[in-house]
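Next come the structures, one after another.
Same chain, two partners: chain A is paired with chain B first, then with chain C.
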Partner chain A sequence: MSSLRTASGGRIDRTKTLRFYFDGRSHTGVQGDTLASALLANGEYLLGRSFKYHRPRGVVAAGSDEPNAIVNLTRDAARSTPNVRATTIELYEGLHAESQNRFPSLQVDIGAINDLLSPLLPAGFYYKTFKWPASWWQRVYEPLIRAAAGLGRAPTLPDPDRYVGRWAHADVLVVGAGPAGLSAALAAADAGVRVVLADEQSEFGGSLLSEPTEMQTWLAEAIATLAANPRVTLLPRTTAFGYFAHNMAGLAERVTDHLANPPPHLPRERLWQIRVKQVVLATGALERPLVFPNNDRPGIMLAGAARTYLNRYGVLPGKRIVVATATDSAYRAALDLRAAGADVAVIADLREAPGEIADEARAAGIAVRTATSVVGAGGLQHVAWAALAPVAGGAPEAVPCDALLMSGGWTPAVHLFSQSRGKLRFDADASAYLPDVSAEHERSAGACRGVFGLAEAQGDGAAAGASAASGKPYTPSAATPNGGGWLGLMPNAPAKKAFIDFQNDVTAKDIKLAVREGMRSIEHIKRYTTTGMATDQGKTSNMNTLGVASGALDATIPQIGHTTFRMPYTPVTFGGLAGFSRGDLFEPIRMTPIHPWAAEAGAVFEDVGQWKRAHYFPKRGEDLHAAVARECLAVRASVGMFDASTLGKIEVVGPDAAEFLNRMYVNAWTKLGVGRCRYGILCREDGFVRDDGVVGRIAQDRFHVTTTTGGAAGVLNMMEDYLQTEWPELDVWLTSTTEQWAVIAIQGPKARAVIAPLVEGLDISREKFPHMAVAECTFAGVPARLFRVSFSGELGFEVNVPADYGRAVWEAIYAAGRPHNIVPYGTETMHVLRAEKGFIIVGQDTDGTATPDDAGVGWAVAKSKRDFVGKRSLARAAMTGPSRKQLVGLLTADPKTVLEEGAQLVDDPHQAVPMTLLGHVTSSYYSATLGHSIALAMLVNGRARIGQTVHVPMPNGAIAVRVVKPVFYDPEGARLDG
Partner chain B sequence: MVETALRRPPLAGLVPPPGDAVVLAPVPPAARFILRVRPAAQTAAGEAFGGPLPTIACRAATEGARAALWLGPDEWLLISPDAPDFTALAGVPHSLVDVGHRQAGITVSGPRAAAALNTGCPLDLDEAAFPVGMCTRTVVAKTQIVLWRTAPETFHVEAWRSFLPYVCGYLAEASREFSG
Partner chain C sequence: MLLIACPYCGERPEIEFAYGGEAHIARPADPSAMSDEEWAAFLYARTNPKGTHAERWRHTNGCGRFFNAVRDTVTDFFVATYKTGEPRPDLTPRSVV
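After this line comes the complex of A and B, so read on.
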């Protein structure tokens, strides 16, 4: 294939040759090329196969609007990205790209049979075909459709690249660095405010990059001025993909994708989240293809793209060129190509009376046919001729060519404006939707609001930039129509194989079919035909869809409306959105001060929220059940120790502390003496149990409140909420002390013997330090708060020491406990021990619909109190009576049968499904101490059913269980004193 | 003293990232308290502490090695070499709670310190918006911190002890792109 590279010109460096590979074949390009320009320069037109019909496809555009030339880009096995636009891939040495959606090769593709079968694959094909028989759906149709769906292959290895996030603020964000955007940024920067200028391309300049030469000095000076200003942040290769509420923008910066050997310290991408006072949108306009049969043949491209390939990359689209246009702008491409030595055979202008530029073309020796429509194209894998016909009617003429350039006009890129909830209006002169009413502090400038022409765009940008910097209201000048344009199917052209959406293979015929089959709303037409739903989101197709639909529905475009613009403007990588949130930084991993000891002791950990908690401490060869049985028996027989540091803790301080707790908790607190503890229940306003925990009175005005591990943050928030909004007059303050204290529970008949030698300044005898006492003391040489509490039913202490001492104190207790064979135990043993005693765990045995009475702790409610959170709700009729579910115990006939937590309870296991459900199992364990399984359950009218049998229906048959009181071990509480 | 030997502060294992564009380092050990007191007694509380309590929102005041960080209209984080003596405030409603083991601090300094913090902190850290002496509760990604700018290129970050490995790991990862 011959080279289409020009001898000179463009923004490429012809001295820097780059080797690259496409489908395994080696090619060369130069520094400054995109993959698309380098392939075109090598005469490679065929770059991919279409999604549905596997038709041969080549480059249509020169930027991110490219619908066809999407490839798989591979650096190594793990760095493989499907569906990347060849027009946006900057060439680097050693680049590897592969075409997609073809087998066995791009040139010979078996799937192309679909093109011949296309009469059988109309719009709505799926809905019509896969209906019968219904039983085939899961086994046949769905797997088949899933295999055919999707384009490209996702990489299977973990992504080895790094992605970072960055938050930023500025006064003005300018999106797009074309003539309007640069002018806006210059004007805003001139005013001295902080400016961020972002553009998706590798270089700033926008449309100026496609101009021959005259504007290049202005461009270079503008960029230099901005770069020298420390208040300006320049972000090339950065796509503003989302425009969110309150002027928040999401930007994806591609940091290293263009480098052959990215430095390891740099991230691949940076996700910017920028909040600004004012936004200037200068996102330009996208050229529309013309719609005619076989308009998707490789070699047919947008006229503006051809001009970019020539002037920016030094590549000719072909040697013999036909131009079909509905606008003036395509003439510029023709004239530039003619000047570069290409043979421009003819310009076919749809209009009867084109502007002065037609005379310029004729003067350059280019034939211009007015009122002429392109009605077809020929050639197999590359365009060979264009069929031109007079608009007035008559036989088409086939004009030979190897490049067919088309221009249906320019569609303003209103995507971000629309994302920001701005209202669009249809402008008939511009044949386009233009920004109308803003929803954010934003203004559009230049081609994206229909202001075309270089000087006009610069002036518009400068005005927008200056007004954005001032923050004052802004009334933009009138738009400037761009001389013509066409929407929809070309006059006299058949609709068959006349593609509108290249990427999703939607033709004008499909749109007409959808309308014939009853679709009226553009949103329905879109979904029925999938037009505009590919990865390019219809950048080149949406307006032509409206044009065809308008004709088929006999309605104006404003009557049809438009589809919704959604983020992202162009695809964003998952890695970019995830940032650091993977691996060890996915979530904070919270560990207690004693965690390292437990890890060294071989503990198995479980996740409890963000906490890692020791689940059990297996000895050699032990599984969970063996370890837990041993740990439970040791606590009951002698003594065990447990890291309870994750327990939530709140220091409640102030003269009104007791009064505050009185109002929050269901219990009474005013009479609780200093040095005493009480088990507290906290309800929500609706009367249901929210949290529980032991509260100790350290001083008259100081309480040490404990909460559940998971409830810590929420309980503090709830308390602060009531304190600040309901009772601001109370002199009481709340401080989270969860992490101030390491907490070690010592439980078992030998607990006092173990800790007695470690306690200084406190008599911990049975008489002087009874159950539910609390005191400050010195423990193992450090200041401590010692609680005499038990969550196991055994004699128990909980020692709180400042967290830095946690490990040293744990080790001191462990050493002191060795003569008593002290056993460290984990959360599983803690759960079994408390279940044997019928102690609830809020959130496991309760589910947010249990009152204190339901949960068996109604005794804690101080009924004489005037008020507390939830009191009035608890007085409602529905909160009492036989319909309530109540906490009960369950025992199976077979002591080895351990029920499943969550299993349902029914009266009659033989009743028809759906059965009448009476409740469910909330906690279930094997109790080594008792020698049989135990379970707790919430059961309708449960306490009245004690002694009865209910059933647990399971897949292998129902299990009969006896309802018992929820206390299985030491119901008299005799063991509390050791 | 015996107590010191038994202490294991949460930042003992901090490995600073390479380079000097962003430097992470633990702040020296100090006592930390949360003080809550109503306006009428704020002057007296400041005198007891040995340094003024700032009354402008989100500002810190220092007196020698003592610092008081405004966290709320009646809330300060006090950082000082030793536990302050508040006996003079007996009888005045207030709350003084020791949080010296709840949290610890690191400094994030260097020419790219603000950029590294902005990797996970959404605040505007431009000096005009967040000047030296400003402090606030905020976040580093999924963790709450207290952020205090002590010099144009130096920030003091306080976090609860179990979150410090995450905060330090996150900031070390954020610093990597500036280490080249």
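After this line comes the complex of A and C, so read on.
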């Protein structure tokens, strides 16, 4: 074991050694270590290279605020996580970690040349240095910069781990299990309410885990008391990363990351989405680094972190230690290290009059220099000396050391409070933003409210917990000073290479430059310099940024304000957020009752919304075009069958059903007889076509309304909206029946011959069951609604049967159709057949800007109705006239040329870009029946242009097309009766 | 995620609901009697206030009913929810304890 590991003490088990690997080299640590503590114990200071300048970097902190020591953690090829903080990785046997952003090795890194080139790479350099020639940015500069910068690399294989989610409710959520949070949880649990206590660390205790002796018995008893309470849920290794509206919190629980061999039954992570009545935030405070040149050298760390490494992990940060501080708390680290046998050379205190603890340090034999600033540090890959200078001025003195501990004071962790839209106020005494006005039912307690001191935090937490349980107001403790503090660049220290944001390589000089170049808002300074924008979100840097900006702008910190705190508090895995919703569970899949038959028949499916629809039924060797051509010809020549079950269906029932439809649809319904259907068009209130479909009158008070497949839910919502909120006096009921009916279309001259043997109780002869008739009957032994409708132009029927009978009825029709060579066809053939007839598809041939007249179905609009949805808008002058785009057909000169859907139409293909656009192609197919291509288009003043030529500009030259009527096949409708 | 009190079902999470725009904009009884300007105002003009806003929600993945709510657009807290057809309650934003 390395000599930096103490002989005793700490919360580690020295008898359980663990082997692990860093950059391939084998090391040992002990149970209870983090990767950071184990590497420090082994004398490994250099953990990575920085983002921009490739400077050597080591451990700065001891917790999730770590900006520097980020590594790539790898279990196998697929289980590789970049940018993990070494300070939060619990060591396990066989752990593999690698440093990042270095080549060829961590010690010898070519990219470190950037550090020498740093005068060329100031804040915003990519906006200035690489501007010319403009074409080089995308091809040359950006790829180079991206390759040189950056942190870890994402794994390329799919994530094999399992992630789960849980929705939860509780009375009180306590975030943070330090002295304040534990006290809050105890007080709330005492009151008998349901409590959830979450803490990001593996052990509860917070700052108490870094105390050698203080309150250790209380800590153990507090945890035991909470664990024994059935109304308390304890969530260690769980980060409250987001605080959302109405007291909803997002918690990321890391279940197995700390295990050498995660058992397969456990998920890697569990995402809690928890809603509570009251929240107690006890998130503590984060120590600030001091800002001076070369303050990023490995071996320079936060004083509080050093205390944690010593007291929790039994690791000395070095053997000869210099402490630079602006606050009392760093003295505790110095005293503990002195007691552990380290040589504490000097404590340099920025203040003239430190607290009583300075006397304690002097009594322990530690030299204390007051009014002394740390103005620099030396050493190449590890700190070798600290430059200390009197604040009053004078030459700096280089004090040799192998560890430089720093403390600029403590920043209350107000992240979650601020996320919840609570208002902060700047407290000059604490040099910090503190929670002021809560937006949610929330209380902040302890150090995150500026209440420092263990006993004070305990008391504040207990009061907050009791108040949260009762819901009654309380008087929180006043903020307690924690002795000093400093924001920004150290007095007398140059700004060059004085790092503020370690992870994004932002220096005090960069902040000053941003201000000099005109940035005034702190949000602009942040974005220009990228300070606080790395994966650590500026936990250690934001307040120092404000300190430097305050000086540069000559404004007070409250005048400058602060940047916005956003979730997540620490990075959350995509897997954790996705949870169950991946692969087959990403989205529901809707399948018709006939789907299995189609699958067995070899159908190729397409996604239509959440539906799987049979696209075409290829025979051996057929591609889409061959199959569709065969299917189309079969329907026109004999008969085909089509699964139309996905059609939206709404049952409209009640004494006022006809009146309701009169008001909703453009058509007239009152005179539609029972047993008859009509093609209905639904407009929006702005007069544009929203949906269409056949509506059948089943009884005087009952309509069977069909909608487009994709529009079903929206149409029902729209109908409910008008029925519930505009016309509640109408006695009508609306029921979605989309999934209750299986629908099979039988189309073609032989359609009647195929189904006639299957129909009972109904005469389906041409005379008795004409086009647009509907009737209830028995079909293949099953109760059915039979429609005589055609979306192909051929004699057609659509039979609706209860969904569970869908496949049986389909098979019965298929069997009955075999003598007529019946062909099952898919959506592509359905589209071609309807386009040959000029039947529109709402949403394909219309786009939300087409009136019924534009779409060529103006004949459906009832002229005599006083009102319907959209009527007033259709009366506007702009809704008629030659400026409207109208549905037309297009024919190409070459019958084989199939236009691209979406292609634009112009008069003059030689006009300079931007051309005058007249419309676009909405539907385009090759028609095997006609032997040439066909297209539908929306064209300005289209109907008046029939017979003219327009042009379709394409990359390889314009295509001339002739404008024709949109009905290509059987314009007289002679084939409807078979 | 907001917590919304459906007047028929009680408090439910926001994912069960669909937003329905500003409330208390009744469809005119005789649109044909309106000028283009009046009709355009009915179709498109909305108040977009900073503060309390009466708005429609539908408990789509629940009871299916439309209802009205008064929400403070600054804090996102609901001041009240009430049934369609009931008058807008005269309320000021709730202060948070």
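Simple rule for what comes next: the second predicted complex is superposed on the first by the 972 of 978 C-alpha atoms of A that agree within 3 Å, B and C clash if a C-alpha of one lies under 4 Å from a C-alpha of the other, contacts with A are read in each partner's own complex, and residues count from 1 in each chain.
We adopt the following convention: contacts are C-beta pairs under 8 Å (C-beta built on N, C-alpha and C of every residue); 3 or more make two chains touch, one makes a residue touch a chain.
Quantities reported herein were computed from a predicted structural model and do not represent experimental measurements.
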{"item": "Chain A: partner with more touched residues, chain B or chain C", "value": "B"}
{"item": "First (chain B), second (chain C), both or neither touched by A:213", "value": "neither"}
{"item": "Partner chain in contact with A:864 - chain B first, chain C second, else both or neither", "value": "neither"}
{"item": "First, second, both or neither for A:138, with chain B first and chain C second", "value": "neither"}
{"item": "Partner chain in contact with A:169 - chain B first, chain C second, else both or neither", "value": "first"}
{"item": "Touching partner for A:654 - first (chain B), second (chain C), both, neither", "value": "first"}
{"item": "Contacts of A:721 with chain B and chain C, given as first, second, both or neither", "value": "second"}
{"item": "Contacts on chain A seen with chain B and repeated with chain C across the two complexes", "value": "273, 275"}
{"item": "Parts of chain C lying in touch with chain A, wherever the complex brings them together", "value": "1-3, 13, 18, 20, 26-27, 30-32, 34, 36, 39, 43, 56, 58, 60, 64-66, 75-77, 84-85, 96-97"}
{"item": "Footprint of chain C on chain A - complex, ascending", "value": "244-248, 273, 275, 421, 438-441, 471, 473, 685-686, 717, 720-722, 724-726, 728, 866-867, 871-873, 875-876"}
{"item": "For the chain A and chain B complex, residues of the former touching the latter", "value": "162, 164-169, 194, 263, 265-267, 273, 275, 580-581, 584-585, 587-593, 610-611, 651, 653-655, 731-733, 735-741, 780-782, 802-809"}
{"item": "Chain B to chain A touching residues, read off their complex", "value": "2-3, 6-10, 34, 36, 38, 74-75, 93-103, 115, 118-124, 126, 129, 141-143, 160-163, 165-166, 169-170, 173-174, 176-180"}
